[in-house]
Structures are given as structure tokens and as C-alpha cells.
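Below you'll find a set of structures to go through.
Heads up, the next two complexes both have subunit A, just with different partners, subunit B and then subunit C.
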Partner chain A sequence: MSTPAEPKSRFSIVRSCITMWGIVRAILKNRFVLYVISVVCFLYVWDFIAVHRVFGSYMPRLVEVISKLGSMMAEPLATKTLLEHVWASLSRVLIGFLLAVVTGVALGLFMALNRHVNAFVRPVFDLLKPMPPIAWISLSILWFGIGETSKVFIIWVGAVVPCVINAYNGIRLIDPELYDVVRMLGGKPRDEAVEVVMPAAFPAIFAGIQISLSSAWACVVAAELVAARSGIGFIINLGMNLSEPSMIVGGMAIIALIAWVIALSVEWLERWLCPWKRELLNG
Partner chain B sequence: MGKKPKIACEGVTKSFLRDMKTIPVLDTFDLSVQENEFVVILGPGQSGKTTLLRIIAGLETSSSGRVLMDGNVVTGPGQERGLVFQRYMLFPWKTVMGNVELGPKLRGVPKKDRREIASHYVNLVGLSGFENAYPHQLSGGMKQRVGIARAYANKPEVMLLDEPFGQLDAQTRYFMAKETTRIWETEKRTVIFVTNNIEEAIFLGDRIITLDGKLPGRIKSTFRVDLPRPREHIDADFLELRRVITEETRLLL
Partner chain C sequence: MIVTGSKSHVYRNISVAGLLTFFVLWESIVDFGLVPKMLLAAPSQVVRLFFVKLTDPNPDGALLVVHTMVSLEEVVTGYLLALVVGIPLGLLMGWFTVAEGLARPLFEMIRPIPPPAWIPLAIFWFGIGLEGKVFIIWVSGIVPCVINSYVGVRMTNPTFVQMARTYGASEWQIFRRICIPSALPMVFGGLQIALAASWTALVAAELIAANEGLGFLITMGRRLMMPEMIVLGMLMVGLTGLIVGILVDAAERRLSKGLRR
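== the complex of A and B ==
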């Protein structure tokens, strides 16, 4: 009865500290809070490097990059505004990528469905497969000049391999009993192709197409760095020659942004095209 | 016995070539199944029973001998025989409805009619309400119900079931055997049912054909099961038959 108040209040302080800590921990564990912290930390480190000149004067601050991008939107650079440069790169990617998908998937299909074709193509394909597409740049410029063709060629080289491999594997890994299902139900070989081969191989082919697309995007920048009068790689290269780091980082930021948008839209496309896979992932 | 058999195997022999060696799988197999008869082929693993079923289905050819259906030689798979697969073999990209209506679709039945047929069989196997579910959302027992509905929906005269409940847990297996009886009694078909489970065989079959325990597979004995349906696993006659078959099997192992 003498001093009951003191220990009780001390206890309640401890307890409220524990609850406070619990709340803080819950906030820190929240996914979105962590996202924000991650981005803020990244921007802070960036700004620290720029302001304290860790790499001399060759690191622009975020504001400089944004204002540079703004000015490139308005004032043409080598006769093209920023959006026109982006479009130059994008159109190269699209052409090379589409050519690669058409030829690569077709080749993969033939290799999977006919073992003679496979035996004929495979040795050369395996020989050329591990070659980095960028290694082709010099030869490509000698062959096709510094115009569009050489860049489309590089993109094609980079994008065709995953298409071939995934189309081939996608078909080879189909459970042969699935064909028996169609045959038992009275289906013809054409039905086996429509009802089994295409839908069963589709997810693998689509995954190959996704890899192709990011590979194509890497290739276009590399090709433009070497020889181009337009495109994002050209902007980056020009920034280096003009000692304008904000131009370089601006170009890099645009690449990251576009690659992100493309990845998102491809993911969305896949969810739409393969509903049976979507629920597999979410469930 | 004046009736012509629905399915007849005459001296069916099968051997595979593997690593330059001939492996005999079936040895002069004779079997005749009457219309609407439920025949169970009972044998342990590796006794050639799946191969036999695939030959009757027309998915494989016999090395010698022949399979007749209604007196005509079977030369390949056909719509008049329906097969239910051990590993379900549902198309994961199709819904329950899409899987079940596949047979009529391949035969060119118009969409509205085949939906009607498929709904009927989805109901028959007790899956109404799951028409738009994808196979990965279903349990093993439900998947095989889809497999059965898919085979039924193509209106085959003979149903071939290849260890259809082999991948299910024991309880679901009992229940599916009951369901199989119910479905078969609702829409009678000639059935050849392959299993390695003695109780399942006695529960289902009009006639049980046991196979030798090792390759090449050949018929060991035939049991006629005259117990009234629905059968009870604890019925005295059921237990007696189980004892006889178990005794016989034990000698093999």
C-alpha cells in the first residue's frame, strides 16, 4: 500500500514503449513504406555523389537531368527532338524484334516437329548461339553500312535466339498423352496442332518473346552507341563526346523507363492471353 | 453366349524393343466383353494392363492377334471408344466446360448443341457450378470427374478406364468408385476398367480378370461378381471374394 503507484507507472511506460515499437515495426514492415524508403535512399545516394563530386563533375543532379530532358524535348538535337529520338530507337526495336519472332518461332517449331530439320540446323545454331549479339556490330556495319539495316540486323541476332530455344522446348516438353486425348476423341492431326501444340507451347513461346524483347532493347542501344545519327544510344554517345553527363544519365533514365513500361505491358498481355496461368500465380 | 461380343481380343500379343532386347508385355490375350458389361482387369504394376487397354483403344498396335469391336477389326483410335487417363490429361488452358465439350467440338457439333451435351455430362459427374473453373483449381477427384465427363460426352459405346483413381487418396478413391457405379447405372456403357486395387475391382465389376504378376501379362483367372449393387465393402460375400483373390495374388508375390 505504501508505493504502489511508482512501479505501476514504470510498467506502463515500458508497455507503451513496447506498443510504440510494435507500431513502428509494423510501419517499417509495410511493403509500400519500404518502397518509398528504397527510392528515397537511392535518390539521396545519387544526390550525395553529385553534390560531393565523388566522380568529379561528371555526375549530374536529378534536377539537372530533368531540365536537360525538358530542353531536349523542345530543342532538336541533330535535327530530332527527344521524342523523335525515342521513336527512332523504338521503331528499330520493333522491326528487328518482329522479324526475330516470326523467323525464330517458325524455326523453333520446325526443329521441334521434324527431327531431320533439327539435325540439320542444330550444329550451326549451337555454334552461333553463345555469341554475344554485340560481337556482330562491326561486321554488320561493314555488310550493311551505318544505316537502319545494320541496326535491325543486330537486334534480330539478339532477339532470335530466345525465340528459337523457347519455341523448340515449348513443343518438345508437351506431354505426348495430350495428343492421345485428341486422337481418342476422334481428332485429326490438324486438331492435334490446334488443340494441343499451339496452346501447350504458347506460354513457353511467350516467355521467349519476353526475353527477346529485352534483348532487342539492349542491342539497339549498343548498335546506336557505335554508329548512329539518331536514337537513345546516339544521345548517350553524344553526351559523352560533349562531356554533358546530364544528357547521358537522361538517356539512361529514358531507357529504364521504356523498358519498364514494355515489361509491364507484356506482363499484362500474358495475363490476358493465358488466363489459366494467371490464376496459377495468384492462387 | 449367342450374343456377339462388343469387344473381343483374339490372341493379342505385344512386345517392345528396348536396348536391342525384345521385352514381351502381353502374351496371347483372349478376352470378350458383352454389351454393357463392366469388366475389371486387375493386376499389379508392370503386368501389361495399361498396354492392353491402349491396344484396345487403338493407340498402340498389337504385335500379333487382333481386337474386334462389333466384329470389325480395330485399326486406330476412334470416337466409339472413350479413354479415361490415369494422369487425368485435362487441358490446363481449357475450363471444365471446354475440356468436356472437346469431343463434340472435334466432331463439328454446333456450339449450342455441344454446350448442352457437355452441361449434361458435367451434371452427371456432379460438377455443376464448376463449368468455368480451370483444372488447376480442382481437386484430384474432381479432375478425374472431368476426365470421365469428357470421355462420356463424346458418346462412346465402350468406356476404357486406365487406373483412373490411382492418384487419389484412399477415401476419395472409395467415393469415386461409388460415383462410377452411379454414373454407369445412369448411362450404361460397355466398360473395361483397369486397376491394381482388389476392393475397387470387386466393388465395380460384373467380371474380374486377374493378370499374372509379371511380364508378359497373361490372364490368370476370371471371377464373376454377382453381388447386387450398390455393393458394401463389409458384406460377407464381398469379403469372401476379396479373400479368395487376395490368396491368389499372394502366391505371386
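== the complex of A and C ==
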């Protein structure tokens, strides 16, 4: 069937329009392209705001932030370089976090395994639970002074609650049928603990530990904002006192980066430590 | 597990005993001078201060009711703004690839930054007035809103979506008629989490610059070396948070009537 030339060319224009639209749609469907677009737009808008001083002079450019971080890396600030400040924060977080895991998981297990203990401790725990860790700063300074102990205490307060709750729920929510299976197969109480309680509760406990680690990292800034001579929170606070926004934003970027690294590595650790979690979730 | 009537009675008694022990221990530690009065206030002192603060604005400059109302105003403003922005954003991110692709990286950048870290920038950008505090509360309240709405849409039963497609529904129709209703329980769950996050951020927001509010009361207690004022402020934060939480829960129950399966 022969068609006249004119409609054909019009048709090809339409078709090329359709293919163009198809390409645009393909781009809009591709998540990674969109991510790149988003980040580029964000950086551009940031730079625009910084250069044109939309928020006054308190918005650093990205270049300034990076160069500030570089200079803090090389020259010590309050006798410590940037990496040493990061380490100061990290070590506080680790001490508070480990204490919280030991005490919190133990308390949670105790509450889950003994209903009398649970009934006794629960109301007090519920009373103290809703108080934000930052609200403890004042008391902790009164009790422990402005040294390391008070910072570790605040981190402990922030990290202990998820440990307790998840350890408790992890054990209480075990499917009772699993116990029955072990008993029916002639298992002793020890077998129940090893074959049921540990593997079934571990994912929940680990999830609590995960939450508590990120919450501990979030508390370190609060702890260091008040009185500190080192750490990331100190850098942010110093940036505020010196009116140096590049220091503040640099400190925030490092906090976000470390929080991200912590989350990723804990996720990896979980996959390595309890591979049966996926089976539990899928099954 | 079913607890029989007499057993639950026993557990309630134990709970009451637990609370009593806690308060008696606390009171006696202070009264017998095991810890200096400068470091810890007895519960009786806290209660006394509570009644004094109801009528006497000294020594921190405002009545307890004023402090509470100021804090409530800040939290409620920040919280509502977080809901208004966060829930639609999360819902859109859950269904439309474009929205997710564009918003996800920004969200992932902002999410890990703890609220206290925003304090300096909030002061520089919005000043030390209400706006700065509301901004800090907003930033910390928006994160759970977005996450829960996003997950809620993502968890939509694919069968419903396929059925709607079969009947020729457009993407927008599927989003509005199927994804949003099925995400609502998750969204309501997010309301509580966001509220808790907002209350936590309130104390951070009032740490730096304030002359009224519960967080300010706590800070003042430290400056004046009055531990009973610190404890009173903490208790009021916990109590008010609890009451607002119950209100939100009641609202949630009314709104989601018939949604629960």
C-alpha cells in the first residue's frame, strides 16, 4: 500500500516526538539518573543561596566547607586535629553504647523471663522512658561535673531504652509453638534456650542494638554542645561561637557521614551474624 | 497468653510496689543525706516546687503554666508543619519514581543529622525566636513522617494495584484510591513516632536561647543549682508529652475507624 509523502513525514515527526518522550520517560523511570539530578540540583541551589546570600552571610559555600575540613585535618584545633576530634566523639559513643548494651539487654532479658521482675520494674521504666536524653544534661552535669563521665552518662541514657525494649519484645514475641516443638522432640530447658530463645530473639535484640547505636551517636552532639574541649559537637559549638558557618556545616556533614557508615556496617554485621533473620521474615 | 483475674491482680500489686519502692528509696536517699541536697532533690521537694510554681513566677521569671504553654506552642507548630510537609512527601515518594528519585538523596543527607546539630544553623538562619525552635522541631519531626508514609505506600498489597490496573485505572487514581488508604495505618503509626521525636527536639531547641519554656526551666535549674527545678522540668516534659501522645492516639483511633483489620 503506497502512502503519499506528506502524511508520512508528518507521521515521522510524530514518531520522533514519541521516541523523544520515551527517552525522557526512561530517564524519569531510572532511579540513579534521578538521584544524580537531585544531588546536582541540591548542590547548585546551595551554591546559589550561598553566593547570593539569601540567608545573610551565614551560609557557607561547599568549597569553603571542604577547604575548612581540609585545614582542620592538617592544623590542630584546640590541640586536636579533625581525626582526633572524631575519635574523641567515637570513643565516648562506644563506651556509653557498650555500657548501655550490657545493662539494657540484661534488664530486658530479665524482665522478659520473669513476670514478677517485669511487673516490678516496668512502671519505673515507663516513667523514665519518655524523658529525652537531652533533658538529662542538666542533672548529669550536676552529678558528674562537665568531664567525660557526664557525657558517657547522657549517651548511656539515650542508648539504653531501645536495648531494653527490644530485648523484652524479642523474647516475649517468640512463637509459643516453637517451644512446643522442642518439648515434643524431647528437648530439655537448655535446648529450649539454645535452639529457640537465642536464635528467635537475636534478630530483635540486634535490631535494638542497631537503634541504640544510632541514638547514641545522635546524643553525643547534645552531650558535647554543653561543655566539651574535644569532639564533633565541640567543633559545631565553636563554629557557632566564632560565627564560622563553614565549621558548623563541616561538622554536620561529618556527623551525617559517620552515622551513615555506622548504619551500613551494622547492617553488614547483622547479615553476617544472623543469616536466619531473612528466613524468619520471609517465612 | 491469658492471665487469669487473680494473677493480674497480683501483678498490679507488684507494679504498685515497684513504683512505691522507687519513690521511697529516692526520698530517703535525699532525706538521710546519702547524696548532697545540691545534687538531687527529693520527690516531696519537687511536688512542693510544683505547687509554688503554679502561682509564683520567681525565680526563673514565669509561671509553670506559661512555660508549658510556650513549649506546647513550639512543639505543636513544628509538629503540624512536619506532618503537612512530611506525609504528602512520603506518600508521593512511595508511589512515584520521580518523586522518590528526586527527594531520596536529599532526605538521606538530612536524616542522620541529630536535632541538636541543627541548633547553630537554626539560630543563624531564623534567629533565637520561635522560628528557630520550630525549625529544629520540624527537622526532627519530619523524618519519621516521611519514612512511615513511604513504607506504608510501599507495603500496599500488589494484588489491589494489579486489579485496579486491569480495570484501567490511571497511576494517579491508583495512588489516591488504593495506595493512600492502605498506607494510612502506617502513617498514623508515624504520627506517634514523630511526636516523640518532636518532644525530644524541644529540649534541644530550648537549650541554647530561650527565656520561657520547659527546656529553659531545666537549664535555669542548673544555673540556679536547684535540682528540684531540673527534675520538675523533666517530669513536666515527660508528663505533657504523655498527655499529647494520648490525645494523638485518640485522634488516630477516631480517624482510622474501620481501617484496622
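Basically, the second predicted complex is superposed on the first by the 273 of 283 C-alpha atoms of A that agree within 3 Å, B and C clash if a C-alpha of one lies under 4 Å from a C-alpha of the other, contacts with A are read in each partner's own complex, and residues count from 1 in each chain.
Convention: contacts are C-beta pairs under 8 Å (C-beta built on N, C-alpha and C of every residue); 3 or more make two chains touch, one makes a residue touch a chain.
Just so it is clear, the model here is predicted, and its values are computed rather than measured.
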| item | value |
| --- | --- |
| Fit or clash between subunit C and subunit B when superposed on subunit A | fit |
| Contacts of A:Ala74 with subunit B and subunit C, given as first, second, both or neither | neither |
| Which superposed partner A:Gly233 touches (first subunit B, second subunit C, both, neither) | second |
| Centroid geometry (CA): angle subunit B/subunit A/subunit C, rounded to a multiple of 10 degrees | 90 |
| First, second, both or neither for A:Glu177, with subunit B first and subunit C second | first |
| Contacts of A:Met252 with subunit B and subunit C, given as first, second, both or neither | second |
| Which of subunit B and subunit C A:Pro275 touches, first, second, both or neither | first |
| Subunit B versus subunit C, judged by how many residues of subunit A each one touches | C |
| Touched partner set for A:Leu185, first subunit B, second subunit C, both or neither | first |
| Minimum distance between Cα atoms of subunit B and subunit C in the superposition (Å) | 7 |
| Subunit A to subunit C touching residues, read off their complex | 28-35, 37-39, 41-42, 55-56, 58-59, 115-116, 119-124, 127, 130-139, 141-143, 176, 214, 217-219, 221-222, 225-226, 233, 236-237, 239-240, 245, 248-249, 251-252, 255-256, 259-260, 263 |
| Complex contacts: residues of subunit C adjacent to subunit A | 1, 10-12, 14-19, 21-22, 38-40, 97-98, 100-106, 108-110, 112-121, 123-125, 196, 199-200, 202-204, 207, 215, 218-219, 221-222, 225, 227, 230-231, 233-234, 237-238, 241-242, 245 |
| Subunit A - residues contacting subunit B, complex | 175, 177-178, 180-187, 191, 195-196, 199-200, 202, 274-276, 279-280, 283 |
| Residues on subunit B engaged by subunit A in the complex (per definition of touch) | 57, 59, 76-79, 81-83, 85, 87, 89, 91-94, 102-103, 106-107, 134-137, 150-151, 154 |
